[in-house]
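Lettered A, B, C and D in written order, each chain numbered from 1.
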């Protein structure tokens, strides 16, 4: 099912903050001038960002490219710890260095309809995909889930480009009450899709993958792992698959759901 | 000779940058709103400043209080390494925490004339002293030395309050050519002083102390040591004296030159 | 350290007030008000930091190392900063046990906090002699025997890197005191659990770890070692992962309570050490960075217990989930 | 790392151009173009970083550890960040020596840089068997025998923490190859110099150090260890002082050349290791932080030599001023 677009070599680029705005509680949108990365990035790929130099935390942090806008790439980030906390303080004009574009992104192939499923910040890697699919005339449906209305992100973007956007929150503060799989289950009963692309907590991705399997719809999932190098060297980011261990940074982060051997303990969100 | 003014307990204070301006090549003047420290500081005392939190360098950095101006204390700093490099980037409004006032400052006692000798950034702890002495009607002479004219600091302040300011640079780019001891030797021949107060590279301080001894003028020197705690706990800052090892942070940084057992290897400037 | 941006999930803040956490712990026969002690050599005898923290809220004050005769310590420079840590080669500078009793101990007399005296020696006999002298002092709550100082040529670490000498020092001190006896272990060994077992067998009441890791730094500009004595002890956050691993190994190896230390900067760091098996913790280098560290660590530990519904802080000891 | 604000004093910049520094060093019979090598496990087999640095400018590429049969490595999570460092418990995941020769080695065939293969084993016989297989490969310049991996249950570090097993592994490998043989030492020992002497006696051509320090971290929120395998190896700037001290100790203890590593991030860090006695250095964790690290370290080392008028980089080895 997956076609393999030519993937450009990653580059190390000095990127400059164009804007960094609060989107909602604990979520920010960073716009980075990154002409070289922007030139070749595919949806679902990520950058490995060096947030701080000389800080006591030394590793880079991986972030999906949420959107591309000419020379600029956007990163939608949730404040989770030290690195993202520092990211929040970056101001226009400040520079960081980024390696990218990295990994294998969404490669849905030739499709005419697609269901995108996002849990919370899982919407990040789906933004560019929704735009690209819509531009290609694909009928895009988006199911957005979050714990509460304030945790919903990127709704505006999806509403702009998708044929339909459904919202589910656990506390019912916006849209239907429950988990996003409530909605996807219903939609999958009502109609067929050529592909499902999901990103969110690993439990959600897994549940969606099961629904997809049951509905016999090909499903791609974007998985998160702790990453040191980001370029396939250190073996810190392995994902158990039916073909053995694969590197999330190189063979992923997007995997065919069918090949994933789900193992909750591998996900960094276990914490 | 030394009277012992009542020394207030040091406090831990959140201080805010009021201004941070470049003074000359590699030297900056930091103005910090620090009402509690400013309230009790004596000339020659210092603060122990936590420049960065979460950086890979963890220790505080000691700086003399150069001047006091109401609620504000001034720090004249030379960019020497990581900490002072970060200090240079601080902007108005940023906060740090400081412990102070620390140590035993200049305690010249009742004098009617004083010779202040500064080598380069050694002028820092002499600023407030010059102002205080002048305010008490003491005739203040200041001998300023530096490698070159651009490395001269605080000249304006001294010219405002001192009866006389002499300048010597090693390259002759300003004032006389040579070492500052050239000037102090001449002055000490020509007239008498009730006290000499010196701060600069340890070699300079030592040379001035020898001249003072020869001229039978009491001499105080401010010494620098690497400091971890700054409050007399860790024993990292010891100075060899005729009364055994003393702590620069607690018994100093100002010592009676007569009691110092000069040992070049103890000075951090050996590097 | 900046406040952790990790926000407490709604509904997880239990209604129990902070006051309801039982912060007491038992250590070597002592009941401590809190598991947060001071690490030897980083708090002097408490007086200097009394301006920043209430000494009475500490679990215990552990003094700077004391020897029989005055020791001059090492040449300067004695410290160097390293990434997230520092090296020191103070070399146990102290005025000897007589002056110590006369000055420091006397000064602590009025303070309601257990005082544990850290004891050094060049020989087994010296350790015992220091303790014998201290036995006459009612103000001493117990001893921490330092067999792990990397900064002296004779004695010090030499006793801490082999089972036989470690056992011998412990025995010699045990023979002259029935007060609580903590032995402080060196991390510069292949198997720290083995040393812990050896001192346990000779009657130690507790072990504390880790002392500093032996390290070094050179100034490329001068080509000279940054410490006059060339090598020194590495402390601070940099060593925390090593310290935590050793606490975990030792806690599994012996029945004795363990005092954990090494790079503790926050309450959460202390939680890590307790989960790994420490009954109490000590704060060292953090005092230099922030003189209120002991209070901050204590408060952070209590808040953690409140947040997680832990009624007694001692319930954390060894409670790592594996 | 930010550029050091320490400015070069006027008049100290010698007129000699950068090109005039002789950067070659001798190591275990090999002539390296530069003393800067890669640390095993942090550079894979070079291919991934070829997009960021010229492999031909490296002193040598040291590959990820290779064993006889494929090893799956440890469970995830396999890394955790710590102050100025990181823990890893990758566990020597590799595809086995056959696949290694077929894929990685073949791929490096066209690259003009010495390839040193890092060798692992669960048993002495396995080490020898891996090397025997590699002897058939002309593309192998030498071996680094890893007796110090803290991340596997059998073998690995167990061989590196005692003189007898360390000597036995060295002997077994020496018996099957006359190629350059480097033995990689564990820092998790009481006396690393003693182990170095033991492997020297059995015919090692060089020693490399340090491998990672055994460490651990716990997530207070979940109470679980941050690594699935609980303990892992600490690397990065945090361990540099310990690494430097060990290099200095070992360089004094043996006549063999020493490859120094542990937290090298800049050219000046490399200078420190050489001054302490290293003939060459390896860059590990820094590659993850900045993929151009090997180049940056090489350039920094050369610039240091220019600035200080050092004609041959090898003149730095052991040139600490004491």
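Brief remarks on what is shown
Methods note: contacts are C-beta pairs under 8 Å (C-beta built on N, C-alpha and C of every residue); 3 or more make two chains touch, one makes a residue touch a chain.
All values reported here derive from a predicted model rather than from experimental measurement.
By number of C-beta pairs in contact, the leading pair of chains is C-D.
Taking the mean of C-alpha positions as each chain's centre, the chain lying farthest from the centre of chain D is B.
Taking the mean of the C-alpha atoms as each chain's centre, chain C and chain D sit 34 Å apart. We define each chain's centre as the mean of its Cα atoms; on that basis chain B and chain D are separated by 46 Å. Distance between chain centres (mean CA atoms), chain A to chain B: 56 Å.
Multi-chain contact residues of chain C, defined as those touching 2 or more other chains: 2, 6, 83-85, 221-222, 224, 236-237.
Residues of chain A in contact with two or more other chains: 54, 56-58, 82. Those residues of chain B that touch chain C in the complex are listed here as 9-12, 50, 53-54, 56-60, 97, 99, 225-226, 228-236, 238, 245, 263, 265-266, 268, 270-271.
Residue ranges on chain C touching chain B, taken from their complex, read 1-2, 41-44, 48-49, 51-52, 64, 72-73, 75-81, 83-86, 88, 90, 93, 219, 221-222, 224, 228, 236-237, 285, 287-292. Taken together, the chain A residues at the contact with chain B in this complex read 54-58, 82. The residues of chain D lying in touch with chain C in their complex are 6, 82-85, 87, 161-162, 188-191, 213-218, 220-225, 230-231, 234, 236-242, 244-245, 248, 263, 268, 271-272, 275-276, 304, 319-322.
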